[in-house]
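Each structure below appears as structure tokens.
One chain, chain A, appears in both complexes that follow, with chain B as partner in the first and chain C in the second.
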Partner chain A sequence: MSAQAPSRTDLLLAIADDELVLGWRNSEWTGIAPFLEEDVAFSSIAQGEIGHARAFYELAATELGTTADALAFDRRPDEYRCAPLVELRFVPDWARTIARHYLYETADAIRIAGVKESEWDELAGLAAKVEREEVYHLMHAQMWADRLAASTDGRRHFDEAVTELWPYALGLLEGEERERLAETVGREPVDAVERGAHTDELVPLWDEMTMVRRSAPGAEW
Partner chain B sequence: MAAPRTEEEFREHVQAGGLVETADWMPDDYRAKLTKFIEMHGNSELMGVLPEREWILRAPTLQRKLALTAKVQDEVGHAQLIYRVVEDLGKPRERCLEDLVSGKTKFHNVFHYPTKTWGDVGVIAWLIDAAAIISQKALLKCSYAPYARIMKKICWEESFHILHGRDVVLAMVTGTDEQRGLVQEAIDRWWGPLMTFHGNQTPFDEDPMIEWRIKSQANEDARQRFLDGYVPQIWELGLTVPDPELGKDEETGVWQYSEPDWDELRHVVTGNGPRTAERLELRRISREETAWVRDVVLAEAA
Partner chain C sequence: MIYEVFRQEREGQPLQHGGSLEAPNAAFAEAYAREFYGRRNESTTLWIIPRDAVAEVEEPYVADVFDRDYRRVDGYSIKVKLKEARERAGALAD
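The block that comes next holds the complex of A and B.
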């Protein structure tokens, strides 16, 4: 393996883990969203994210000589590279869910635009494909942000949630991409909650996510 | 033929295969029975999400997670479509949801039971959805045309769920002994509810839903179709059914089985199932917690 290999798979795993864990969190709304339409929308977004996670894991897996499922399910919690933002559990709090959705999709668009310029052709191609689909997630997030902001009560719920999650959102990105996010969202940069450490929410999530798979190690499902 | 204007004409019209559209005149009894029937179907699609949703989070591979999320999404989509039909009959969705969480209206017996393992996920998608599609296919002939029309999409999607379920089951029965055990235990658990799924043996001409051709398949016919289609498949996989009386009479072609537990069915659908209270409570709390979102959005729309 070349000296650069670890960093390029690290980047891939960071994106894949973000998408997997956020997809997992979003699917917690299945069946209990404020509108049936949002139930359907969040399920669809969750599938989009998990599908993207799978594509990124597959690319990482060829590099690391393993499989997408093994990367998604068979690592220990401390080996995951997801940002704390995606780990937080919000159900049944819609305001924070939408605030995270809006911040994540906005940050993700900046990140994916960068990845598209990668010299690693497969990764650049994958990013272009993902970008085409993520546009719809961003439109959905923006629609909800606007809708909540259009009423006094909604704006209060939404602004409080964005303020609380802003340091976490910055932690999704590196370097000057953070400034771009601050500009896009219209907020001042603050100290980020960095990727690397995990919140207390990850272990319970991991326990649940892997429980069936761990019950018969090595089995096909 | 002129549009029916009296209850008698209307009865003749629907019994002769005539269809009814939303704006057509209909007897109060027809509207009431139809609304109740379709609303319970909508409730069932929506409550059917809850036994499976927790397993989306536990799905053991990425592919299974995607497939299960898509399936559950379909069910919510069905609820949405069905409630729209109810809405056109005069009962708004919000009132359907209120009546559901307050226990005033019912939902299907199978959604009152717990899901204990990943084996249940396979068995529900395979066999419960198979039982459901048998009822739903018969509704393609419902006298109320808007309901019959949406049933096409619903049946088409349910047929994918059955394939997904069968695939989950196949992977497990060809896997380890433990995996195979999970499937067998799930069948043992779900057999009772499956046998009461299509309802009691009310004779065809005594079923009030048949009179108006809301339904056109007798309960027992649906159950026989289910047994005929699926028991041989269960046996083929080397699995067993927990009923020593079960077997097909080769002469009559009719399946024999032990008397299902009708008391349990009544008890469960009247709100006393093992998970009824918990699931309605989850729905009630999530409605309460998200009420402000509906207030905000609906106030804007007004």
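The block that comes next holds the complex of A and C.
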């Protein structure tokens, strides 16, 4: 492994873990979203995120000499590199779910645009592919943000949720990308809830997420 | 609001009714239509039309009071004529 390998796989795992865990949290709405059409659409977005996670894990796996499944499910909770934002469980709070969705997709668009410029060709190519789908996730998030903002009650719930999650959202990005996020969202930068430490909500989630795989260690599925 | 979705599978083909969906406004309807009918590249064109905008034509036939079947193509049974022609041709060949 080359000297720069750890940092570039760290970046990959951060993205992959964010996408997997957020996909997992969003999928908790399957069957209980506010109405059927949204149930289908939001579940599909959740699945899209997990698909992106898989692609990023696969690239990391070739670098680390392991498999995507092992990276996704065989690590201990403290080895995950996801940002605290994606760990939070919001069911049945739709306003906070949409606030996170909006903040995450906005930040992710900034991050993916940066990764597309990577000198690592495979990663740049993957980012370009992922971006084509993420455009629709962002449109969906924006559409909901507009919808909530259109009513007094909706706007209040949504704004409160964005204010609460704003320090978490900044933790998704590094350096000047944070300023770009602040500009896009129209908020002042504050102290971020940084990636690295985890919330109390990760362990129960990890427990459920890896339960089946741990029930038969080493099994061929 | 209910929207009717029309989809075209391949370029050059006619648009066909795909189904309907419920959405609070046109932006949502567009997102849902894309998700339901475009996710697997199964459509090249999608139209979404509010159901209210569709005017249904009542009794959609032109009054046909006189018996003028002969004016319609289906007034003739080409099958029988073909059979007869074949038989004639067969008889000649013998």
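Observations
Everything that follows uses one rule, which is that the second predicted complex is superposed on the first by the 221 of 221 C-alpha atoms of A that agree within 3 Å, B and C clash if a C-alpha of one lies under 4 Å from a C-alpha of the other, contacts with A are read in each partner's own complex, and residues count from 1 in each chain.
The definition used in the following text is that a residue touches a chain if its C-beta (ideal position, glycine included) is under 8 Å from a C-beta of that chain, and two chains touch if they have at least 3 such contacts.
The structure displayed is predicted, hence computed values, not measured ones.
After superposition onto chain A, the partners chain B and chain C occupy separate space and fit alongside each other. Judged by the touch definition given at the top, the superposed model places A:Thr163 against neither chain B nor chain C. With both structures placed on the common chain, the touch criterion links A:Phe35 to chain B and to chain C.
Judged by the touch definition given at the top, the superposed model places A:Thr62 against neither chain B nor chain C. Touch criterion met: A:Tyr136 reaches chain C, while chain B stays clear of it.
In the overlay built on the shared chain, the residue A:Ile50 is in contact with chain B alone; chain C does not reach it. Put simply, more of the residues of chain A are touched by B, taking chain B and chain C as the two choices. In the superposition on chain A, A:Thr184 contacts neither chain B nor chain C.
By the touch criterion stated above, A:Ser215 is placed in contact with chain B alone, chain C being left untouched.
Taken over all C-alpha pairs, chain B and chain C come no nearer than 6 Å in the superposed arrangement.
Counting contacts by the rule stated earlier, residues 35-37, 40, 44, 147 of chain A appear in both its interface with chain B and its interface with chain C.
Looking at the complex, you find that chain A touches chain B at residues 24, 27-28, 30-37, 39-40, 43-44, 46-47, 50-51, 53-54, 57, 68-69, 72-73, 92-94, 147-148, 150-151, 153-154, 157, 208-209, 211-213, 215-216, 219-221.
Those residues of chain C whose C-beta lies close enough to touch chain A in the complex are 21-25, 27-28, 31-32, 34-36, 39.
Touching chain A in their complex are the following residues of chain B: 46, 49-50, 53, 56-66, 69-70, 72-73, 76-77, 79-80, 83, 93, 117-118, 168, 171-172, 174-176, 178-179, 282-283, 285-286, 289-290, 292-297, 299-300. Those residues of chain A that touch chain C in the shared complex are 35-38, 40-41, 44, 136, 139-140, 143, 146-147.
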